[in-house]
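The two complexes that follow have chain A in common; it is paired with chain B in the first and with chain C in the second.
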Partner chain A sequence: MTQPILSVKDLAVTFETPDGSVNAVKGVSFDVAPGECLGIVGESGSGKSQSALAAMQLLAKNGAATGAIEFAGHDMLAMPQKQLERIRGAKMSMIFQDPLTALTPQLTVGQQMREILEVHEGLRGAAADARCIEWLEKVRIPEAARRMRQYPHELSGGMRQRVMIAMAMLCAPELLLADEPTTALDVTVQAQVLELMDDLRRETNTGIALITHDMGVVARMCQRIIVMRKGEIVEAGEVDQIFYNPQHEYTKMLLASVPRIDQVDRGARPSIDPVAPQDPILKVDDLKVQFPIRMKGGLFGRTKMLRAVDGVSFDLRPGETLGVVGESGCGKSTLARGVLNLIPASHGSVAWLGQDISGWERGKMRGLRKDLQIVFQDPLASLNPRMTIGASIAEPLQLHRRDLSRAERTDKVREMLTNVGLDPNMINRYPHELSGGQNQRVGIARAIITEPKLVICDEAVSALDVSVQAQVIDLLIELQKKMGLTMMFISHDLSVVREVSHRIMVLYLGRVVEYADRDQIYSNATHPYTKALISAVPTPDPKIERAKTRTLLEGDLPSPLDTRAALRFMPSKLVDDPDADQYRPKMVEVAPNHVVAEHDPALGSAGLIAS
Partner chain B sequence: MLTFIVKRLVIAVPTLLILILFSFALMFAAPGGPFDSERPLPPEVMANVLERYGLDQPYWKQMFDYVKNVVFHFDFGPSFQYRDRTVNDVIAQGFPVTLTYGAWSVLVAVIVGVSLGVAAALRQNTWLDYLAVGITIGAQALPNFVMAPILVLIFTLWLGWLPGGGWNGGQWDHVIMPVIALSTSYMASIARITRSSMLEILNSNFIRTARAKGLPMRRVIWRHAMKPAMLPVISYVGVAIVGIITGSVVVDVAFSTGGIGQFFVNSAFNRDYAVIMGITVLVGALTILFNLIVDILYAWIDPKIRY
Partner chain C sequence: MFGTRHAETLTDAPLEAVKGRSLWQDARGRFLRNKAAVTGLIVLIAMTLFALFGGLLAKYEPDFVDFSLMGANAFRGVPSFETGHYFGVDQDGRDLYARVVQGTGISLLVGVVGAFVAVFVGTLYGAVSGYIGGRTDQIMMRIVDILLSIPFMFVLILMLVIFGRSLLMLFIGIGLISWLNMARIARGQTLTIKNKEFVEAAIASGVPTFTIILRHIVPNLAGIVVVYATLLVPEIILFESFVSYLGLGVQEPNTSLGALINLGARQMNNGTLWMLLFPLAFFLTTLFAFFFVGDGLRDALDPKDR
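For the complex of A and B:
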């Protein structure tokens, strides 16, 4: 192996907190070679981010690092501040997880990029501008010169992350530390960003340390991996060795927990039962939800309708799970709220047990709420912090089961805690005393305690670590078997949806583009958007990843206010006016139970026109 | 931006009208009149006086005439207590005084407060921080009407360094104590707001990014941290300016500076409706103006706000 650019030996990071010192990293050693991508993998709290921050000497004030960190022969830990500032951002740079908060909101993209060149190379004015624009173009940002004058909030998340990468690459660093660079991004954007980083590594021979919890991303990007857990390295090695011959139990468990888009087999873990052919209990027909958006123009502005959900139809049989997938802003959550009448639908009908409930007022809906429940994404934020979890779970009973005495309610809550795999003695704990996974179990317990018929899970596992995610999914599948639950499972993660769903609906800007049985979607995707989504998900298998040809979508998700956006896959019918009424692609049944929206022929897709 | 300013100025007109109507109604609701005294005037004289000031008219008519004069002639009418002067004269005499030390007070509060707050945040949990926090807590607990006599006691009576009152054309030694009395508690609040907002910003992700770019700390603070940290301070300064304007009533009286506050208090005692109304309208207009300026500053600093 060539001389490593970064060499970390026995690194320990300790934080002094009011509750005593916390050892976040306990004696970690690794190297990164030029032109190599090292994956640092682990779940939350494993110390992976702190190791990287220690290498940059960017630990929080109460943190201290010991051991040795050598960058290009320099000892980073003993380096004076001035020299450190010369290395940071020039020879060693970093990309952070959250592109929404990692750029200064009050400065333009150009101001934030130019200052790097000014500080490190004394470059100013037109020469600096030219270099910035060159890099913005390299990270494929359209209209780079105009973007230079924009503020971060005017760019989309994917675009901001690309600005971060361009900023990190400006001075051609020898080492790039990337801390969860794609975690906050949609899969199609993630695919673009990963591709870009991989290209840059090859072109510039930059060493990359990629910190991530996503085994798929590692398989796609890395040559070597270290697996971290609770501040220690549990396993390190070549990528193939880790994936195909893991030695440590934790690595094996991690790999087994990862949902895979390419297989249905879940090993020994529970899987969904087939659904008996019955009459549907929920029938949604041509549902539309619109929001008026104030636009600029004139003294008082004007309003435009944002079509968040634009004519969605589906039905659900008892005991069936419908997976709803799509990228952020496609209307998944609005659809869930529209179905439950939490926001008024502007058109269409929702029939529950044969009765049209759309437009029902609150009081009338209240009786139905017992049967219609929802589990939200952020478990901590959706529980009242001042109520014990027992009180939160019991609350629906107070409304819907007036016949129960206080003691009976408590018994039911305890029983439900056992059902969702929590210790019944935790009944008097508060949400902040529980982990994310435990809180999500509380959220599920609260939703199912009234024995509802339909449960909508809105990104219910997205905020959880993979191993916890796997447990919660297992729980949902088991509860469905036991209680005969009907579910709508909303997620941006196609591999998770595959595990729990009988049928899958793909949404694009509020409209259905494909709707079919689960295996049909994954083995026989027809719409180019579905294909792009599936191909964008990295598989946790390095050989498959290397062999994969990708159908990347270009650019960002367009604004849903622009009526042209909906015809992205059918440009032949496009009227080039952002306010015009556009052609509406028809739904075509290509096979029994497999409906696809009309589209033009595209790369890897034959096209489909209704006869 | 221009439409925003125009819109706000247009809205200011009905706001001021409502202010006038409301103050007028309040004054009429209060018992007594400007020419009532322990020994009543002879009825003929009283009728004469009332007629001269238009007080014999029904009050909707008085209100209407008042608004008409203010709007079309910018004339706030004659004063009732200073027989030979108009309200415009009174304001022209008192307002420059109040404006002078009021402006100084705002400047001192902002400059000292922000510097103290930033210094404390940058040296968090050191003696400097503790000292600054201690000073601000103490200063915040001292309202201007307590500050004023304490200052006079120390600097006039004990040390004999500064005159205990008067204005003397705004000579510096007459300005210092009113400014300190008026600005101290606002300075303290601004320091505390600055400190906590600066601390929050210094812990934010974009500051970490700025440091990861290798920028020197001085540049990180001035370029990346200062603007966002100032946002809560600016919204507070709007409130503080209004507080300083109303606080000047106390300071004027305590130091006999001859500012509008002193006229305001005297007029309230003597039921000089015309002066009270004039000063109320002036302060109302100033409040609206400063709120507008604060909003414009806010938009200038925060690019997410576009009017």
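For the complex of A and C:
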């Protein structure tokens, strides 16, 4: 093996807090060689980020690192501040998780990039500009010269992360530390950014330490992996060895928890039952939700309608789960709220048990709320911090089961806590005393305590670690079997959706592009967007990842205010005017129960035109 | 392949108790580490005890006029333990110690009652306005704006002149203005809370609007309300002192620190400086203590700081 560029030995990081010292990292050793990508994998709280920050000497003030960190022959821990500053950003740079907060908002992209060159290489003026533009082009940012004058908020998330990468690469560093670089991005954008990082590593022979929780990303990117848990390395090795022959129980558990987009078999874990053909319980027809957006222009400005949900129709049979998939901004959460009448729909009907409930007022809806419930994304934010979890769970009962006495209510809450796998003695705990997974169980308990008929899960497992995510999914499937729940499962994660759904609907900018039975979608995707979405999800299997041919979407998600955006997959009918009424692609039934929107041939899919 | 094994690890993972601390525990820790705030709190407690029980130590009633000292204040009414006038006497020959005890009590009372009205009315008004939003919010907040734009000192003086000068009138006057800023603050905070998922969850469960405000919004305003209230108390004390200084506030035989300072200041040229300095010292100490405690609370409860 070549001389490692970064060599960490016996690193320990301790934080002094008012509650005593916290050992975030306990004796960790690893090396990164030039041109190698090392994956540092672990769940939240495993100390993976702190190890990287220690290597950069960027720990928070109350943190202290001991051990040895050697970077290109220099001891980072003993280095004086001045010398550190010369190395940081020039020879060793970092990419952070959230590209919006990592860029200074009031400086243009150009100003921020030039600053780095000026500090490290004394390069100014036209020479600096040329170098910046060269790198922006290398990270495939279109119209690089114009982007130099733009502010971070003018760029999309994927574009910002590419700017971050360009900034990190400006001085040709020998080591790149990437801390969850794609976690905040959509799958299709993630695929683009990962592709870019992989190319850069090959071209420039930069060593990359990639910190992530996503086993799929690791399988896609890395040659070697270390698996961390609670500040310790539980397993380290070549990527194939870890994936195909894991030794440690934790690694095995982690790999088993990861939902696989390419297989539906859940092993010994619960899986969904087929649904008996019955009359639908919920029928949504041509639902539209629009928000007025104020635009510049005229004396008082003008309003333009943002079509968050633009004509969505589907139905749900009792005991069925509908998976709703799409990238951020595609209107999936708005759809959920539109169905529940939390946001008024502007058009279309929602029929619940044959009764049209769209446009009902809050008071009138109140009686129905017992049967229609929702589980939210952020487990902590969806619980009132000032109420015990028992009080939170009991609240719907208080409203909908007035016949129950206080004691009966408490009994029911305790029973429900057991049902969702929590200790009934936790009834008087506050949300902050529980972990994320436990809080999400509380959220589920609150939603199902009134024995509703329909539960909408809005990104209910997205904020959880993979192992916890797997448990919550198990719980949802078991509850569905036990109580005959009908569910709408909304997620951006296609692999998770595959595990729980009977049917799947793919949304793009508020419109359905493909709607079919679960296996049909994954094995026989017809619309180019669905194809790109599925191909973009990294599989936690290195051999499959290496062999995979990717269909990458070019560019970013366009603005939904621009009516041209909706015709991205059917440019043949496009009228080139952002305000014009565009052609609406029709839905075509290509097979029984498999509907696809019309599209032009693209990305390896044949065109589809309604006859 | 590893079906049963991983099931075991799966179940033990979430059961590890997460050691959490509540907002309040966290805040208490931070507050106690702030030395100025803790000192302020101790001083405030001492000041309250002084106002409540200080009278027991006094040798004279606050309204007892010692006519033997008439005209001889400057040399016979000086602060001394022998005569029992620990702080000396005022210009009318009354015991200044007993007067300061009484004045401190009244000043604290005015401040605390004013702040209480502000907390009660202001929080509810602001929470309702912010939560309901739309036109209701517009109207409710414009009313606050209009009330704030009236020069209140002027109105208060008019009120005291027309309805007669009494403690009750003073309370009403101060109560009328003190809640306005609180309402604005509570409304602003409500706007951020009402978009939280737990409020949406409550709506989705069918909780009626007013219950949401009382059960989900108001308890979450507590932090900012407590901070603002502690900062409001000294403001009101200052306000009352100013009114009393003008001779419109608390009436004889009652007194407040502001009134005492007023009387003391008039005697400055007569060589009886203690008449000014004793009430002034208590006044400043109380104000500083309140400000330090309020500041400490703000630092301790400010969520941006974490």
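The rule is simple: the second predicted complex is superposed on the first by the 611 of 611 C-alpha atoms of A that agree within 3 Å, B and C clash if a C-alpha of one lies under 4 Å from a C-alpha of the other, contacts with A are read in each partner's own complex, and residues count from 1 in each chain.
Following the convention adopted for this analysis, contacts are C-beta pairs under 8 Å (C-beta built on N, C-alpha and C of every residue); 3 or more make two chains touch, one makes a residue touch a chain.
Keep in mind it's a predicted model, so treat the numbers as computed, not measured.
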Superposition on chain A - do chain B and chain C clash or fit: fit
Partner contacting more residues of chain A (chain B vs chain C): C
Which of chain B and chain C A:Tyr151 touches, first, second, both or neither: first
Arrangement angle, chain B at one end, chain C at the other, chain A at the vertex (C-alpha, nearest 10°): 30
First (chain B), second (chain C), both or neither touched by A:His400: second
First, second, both or neither for A:Asn205, with chain B first and chain C second: neither
Partner chain(s) touched by A:Arg366 [first = chain B, second = chain C, both, neither]: second
Contacts of A:Glu115 with chain B and chain C, given as first, second, both or neither: first
First (chain B), second (chain C), both or neither touched by A:Ser349: neither
Which superposed partner A:Asn23 touches (first chain B, second chain C, both, neither): neither
Shortest CA-CA distance between chain B and chain C [superposed frame, angstrom]: 5
Set intersection of chain A contacts, chain C complex versus chain B complex: none
Interface residues, chain B side, partner chain A - complex: 3, 7, 124, 203-206, 208-217, 219, 223-224, 227-228, 301-304
Residue ranges of chain A touching chain C (in the complex, touch as defined): 18-19, 249-250, 252-253, 256-257, 267-268, 340, 342, 362, 365-367, 369-370, 372-374, 376-378, 381-387, 392, 395-396, 399-400, 423, 430, 432-435, 437-438, 443, 446, 467-468, 470-471
Of all residues in chain C, those that touch chain A in their complex: 1-7, 9-10, 13-23, 29, 33, 196-198, 200-209, 215-216, 219-220, 222
Chain B contact footprint on chain A (complex, rising order): 56, 58, 60-61, 81, 84-90, 93-94, 96, 98, 101-107, 115-116, 119-120, 151, 153, 164, 167, 299
